[in-house]
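Below is a structure I'd like to ask you about.
Residue numbering begins at 1 within each chain, and the chains themselves are lettered A, B and C in the order written.
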Amino acid sequence: MSRFEYAPALESRAIVDIKSSYGLFINGAFTEATDGKPFKTISPASEEVLAEVSEAGPADVDKAVRAARRAFDKVWGPMAGRDRAKYLYRIARLIQERARELAVLESLDNGKPIRESRDVDIPLVAAHFFYYAGWADKLEYAGAGDDPQPWGVAGQVIPWNFPLLMLAWKIAPALAAGNTVVLKPAETTPLTALAFAEICQQADLPPGVVNIVTGAGRTGQALVEHPDVNKVAFTGSTAVGRAIAKSVAGTDKAVTLELGGKAANIVFEDAPIDQTIEGIVNGIFFNQGHVCCAGSRLLVQESVYDEVLGRLKRRMESLRVGDPLDKNTDIGAINSAAQLAKIRELSQVGEDEGSERWSPECELPAQGFWFPPTVFTGVSQAHRIAREEIFGPVLSVLTFRTPAEAVEKANNTPFGLSAGIWTEKGSRILWMANQLRAGVVWANTFNRFDPTSPFGGYKESGYGREGGRHGLEAYLAH
Amino acid sequence: MPTKDGARLEVRKTYKLYIGGAFPRSESGRAYAVNNTKGKFLANASQASRKDARDAVVAARKAFGGWSGKTAYNRGQILYRIAEVMEGRHEQFSAEVAASEGLSISKARAAVDASIDRWVWYAGWADKLAQIVGSSNPVAGPYFDFSLPEATGIVAVLAPQESSLLGLTSVIAPAIVSGNTVVAVSSFERPLPAITLGEVMATSDLPGGVVNLLTGSASEIGPWLASHMDVNAIDLCGISDPDEARDLEAASAENLKRVRRPAVEDWSESPGLSRMTQYLELKTVWHPIGV
Amino acid sequence: MLARVTTTDNGVDSLADVTSSEDRLRRFLLGLPGVDQVGAEARAATLSTRSIKTTAKAYALDLAIQMIDLTTLEGSDTPGKVRALCAKAKRPDPADPTAPQVAAVCVYPDLVATAKFELRGTGINVASVATAFPSGRSSLAIKVQDTKDAVAAGADEVDMVIDRGAFLSGRYGLVFDEIAAIRDAAGDAHLKVILETGELVTYDNVRRASWLAMLAGADFIKTSTGKISPAATLPVTLVMLEAVRDYHESTGLHIGVKPAGGIRTAKDAIKYLVTVNETAGPDWLDPELFRFGASSLLNDLLMQRTKLATGHYPGPDYFTLD
């Protein structure tokens, strides 16, 4: 009998209309950059140039911050909460209406599988705007006092792993609380943020309430360090987060940081084994492992090590790596050449340190940036691949014998963003959840997100929370 | 000096540091003269060094698991016990505050009253905080999802320079009530009430190491605490120089400490939640709901 | 009784031990890993998002047709109805001789002879439900005789029901013994064991019942009678596919899986095939190891097949209703 080979099932690109070049979105209009050079954004799956994007220099950032300040003082700050809410509801609806287009655009620019951008990213983006829209006229119930006030102008810098979702996590609560925004998307994934700028126009959002400045680190630095920014929100690497924390020292700026992680995903011998394997796979291979809360350290109880590893490898053999726009793709492209180089380098370190590397047979496309799903066994706490965030589809497997040892190993890291627990024993789940020093603990599940659910880290994974009432508090002065 | 009329010669108190539940002198062997506001010698205080700070952080880390792991009810009882024991030492605190701050004895007594009442206020928060700042999150899926506050870890406190007891109480109590442990540097010029407070703590069932009190210079010890990689948060309220505060904040960024910037504070006002929530982490837990 | 051990040469003997006493069997079944409902359903939902197009769809449609146990299990069944069904089984699409035959026709025992006669020489099997189908509420003696009657009338396959009452009250030995007895009574006929997962309710029970049936000698494990709602669902079938996969790993034996009831569209059938492909693996993409218990599904598969071949949407009037 012949094999059941899935024929290519490509999502159509026709739905997106990418312009050849984009300006900066300042004060409600796309404008030419005054002091930066344009740069190209490419599809990481093919290296095809998608568009040319403007780099905002300090003068452009200043212009954007001024526009945001004006909008804050004249329009958005004085506006009744119920009207801010209506704008946010409009935006949420427009995102739903343009969901497929945004999903395709996200997959094109980021490299993530269309299944994820379509079923996870974009629905969550709309849900975030819906959730925070409802807060805009209820701020006095948010736990920040009877008369909570916005900070003013929020400078927000987001990463490339969930471009539009991170934008939503930043902009929705900021606007609900009455702040205005200057946001810088990542330089490799600016297109959905620019599409969002169009959505702001379609929603008739007053000019200056949302400003999008594209660019790289220099642009982000100019934004974070701008003296008229009141609130800084950053998601990205711990190294950059640290630099931001230093740069705002001595100012009045409020800061929230959502940084790196090296989550332990802990499997006990009584785990629901098949769902656990799915959870491990989802934990590390979701979004190519470009997830700050990825379950990148698998801690397996020694008594079930062989079984778990055997089943995991078998499952990994069924993962489909390839064209992000193919609806059957499980693992798409690595976002950039630089990220691919980093993953390769750390994987090489893993081998050099004596860990055993395994990947299923999989054919990788010739063009673009690709890395196969990979598991390292024989990893110990001392190995770099057990300590450093790889931010790719690379899993390090360690073992433990007792719950206390699992906790000790899980917590033995400067990070503290997330953790996973797999066991059928309820009291153990609660004990483990208590002991783990991490901001999000998934028990018998992994990588679940919801606008009502606060997300953020302990220790060097940053501070502040995004999502839920707590996420709103971060945008209210108190 | 012998007494002329045969009255009893007083036993003077030696003020030492309070680290890990014990009262050591500074490892540096240093002490400094503490005067009242009119310049009259009151006592010698130990002048804590960076190594004392290091030892205090070790003691605070050692105490953290046990303290944060206690039931909130138990922590509340212990904070209340601190208030009870302070009440018994009211006169001593009043005399020290009066001498340290140059207050009339009646104003000093009022400050001690307020300090004791503040411990009582915070004691009551121990088992209510999670209900106020935690949440149950109605996620769009078959999951039970809740968020609970947890102590951040070790909080370094550079205590207020002016308000020697009420200010100190107002910065330590909100940190420990939720399970944090503290390394505090007292007011440099007004350290005596701090050490007496340590003596109260040592006899109030507060486990050793939960609060560690260093007398000495915040400017000298602060940078070591700010850059210490095992300190999770820092309160800079005792630093008045903006440049110094900026440098301490920048040093604190190294391990992403939660930083409380200096601000104008009126310690007699109702404190609100912000000093407690400053040193809390929020943990969100998900679990599927199924049969 | 408790004894049936069915392992191949390279099978693992430890499983033999499992059935050496009721207590051991019980401990084994209760010791199987749990199934998290939300996780299992999420996995099935993800598999449902696979997009099967063009050549893959053509392959899947024809395979699905060949996996059908074309079924009629009504009190109103007559020889005439069964004859019509057999005609449909032999030539599902009168307009298109390239449409493959189904795997079997499934009827009540008293109509086995009719079906057998109609299907002679076609290679299409006759399957018969037995053992006081659908409730199973009768004595073992009657269930054995029911089975023997069906086989004597020519049934190639016997679809038995387990005693759900016994299972739910924890009398696993009784359920085991009954399956083993029917296994013996069925002789050379293939034995499909219906778990009636809609009455077992939890996926933990589905997994336990799957193992119990396999250990007792089932050739196939089947979800449902079709008389209880819910009948077959994708997550239940997923859990059963995991069980046969794991059993194969332990014993080297291939046990088949048959979802039955409620699968009416080609789209649904393809989701099941995707789940088979990515759970038990390609070995199970074979009518010997995977069947659909269905009736109306066939016409939808045929319509989709026509759409794929002609490029036009077909109408139901062009497909026979039997």
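In this section, a residue touches a chain if its C-beta (ideal position, glycine included) is under 8 Å from a C-beta of that chain, and two chains touch if they have at least 3 such contacts.
Small disclaimer: the values here were computed from a predicted structure and weren't measured.
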{"item": "Far-end chain from subunit C, centres as C-alpha averages", "value": "B"}
{"item": "Top-ranked pair of chains - ranking by C-beta pairs in contact", "value": "A-B"}
{"item": "Euclidean distance of C-alpha centroids - subunit A vs subunit B, Å", "value": "37"}
{"item": "Distance between chain centroids, defined by C-alpha means - subunit A, subunit C (Å)", "value": "44"}
{"item": "Length of the line joining the C-alpha centres of subunit B and subunit C, rounded to whole Å", "value": "70"}
{"item": "Residues of subunit B engaged with two or more neighbouring chains", "value": "141, 143, 288"}
{"item": "Touching two or more other chains - residues of subunit A", "value": "444-445"}
{"item": "Residues within subunit C bordering two or more other chains", "value": "36, 38-39"}
{"item": "Residues of subunit B defined as touching subunit A within the complex", "value": "132-133, 135, 137-141, 143, 145, 147, 152-153, 232, 242-243, 245-247, 249-250, 252-256, 258-259, 261, 274, 281-288"}
{"item": "Sites on subunit C touched by subunit B in the complex", "value": "36-39, 41, 201-202"}
{"item": "Contact footprint of subunit B on subunit A as seen in their complex", "value": "127, 143, 238, 241-243, 245-246, 249-250, 252, 257, 259, 414, 416, 429, 433, 436-445, 448, 450, 452-456, 458-463, 465, 468-470, 478"}
{"item": "Residue numbers on subunit B that touch subunit C, as the complex places them", "value": "141-143, 288-291"}
{"item": "Subunit A partner contacts - residues on subunit C that touch it in the complex", "value": "33-36, 38-40, 42-43, 49-57, 59-60, 63, 239, 242, 273-274, 277-278, 282, 285-286"}
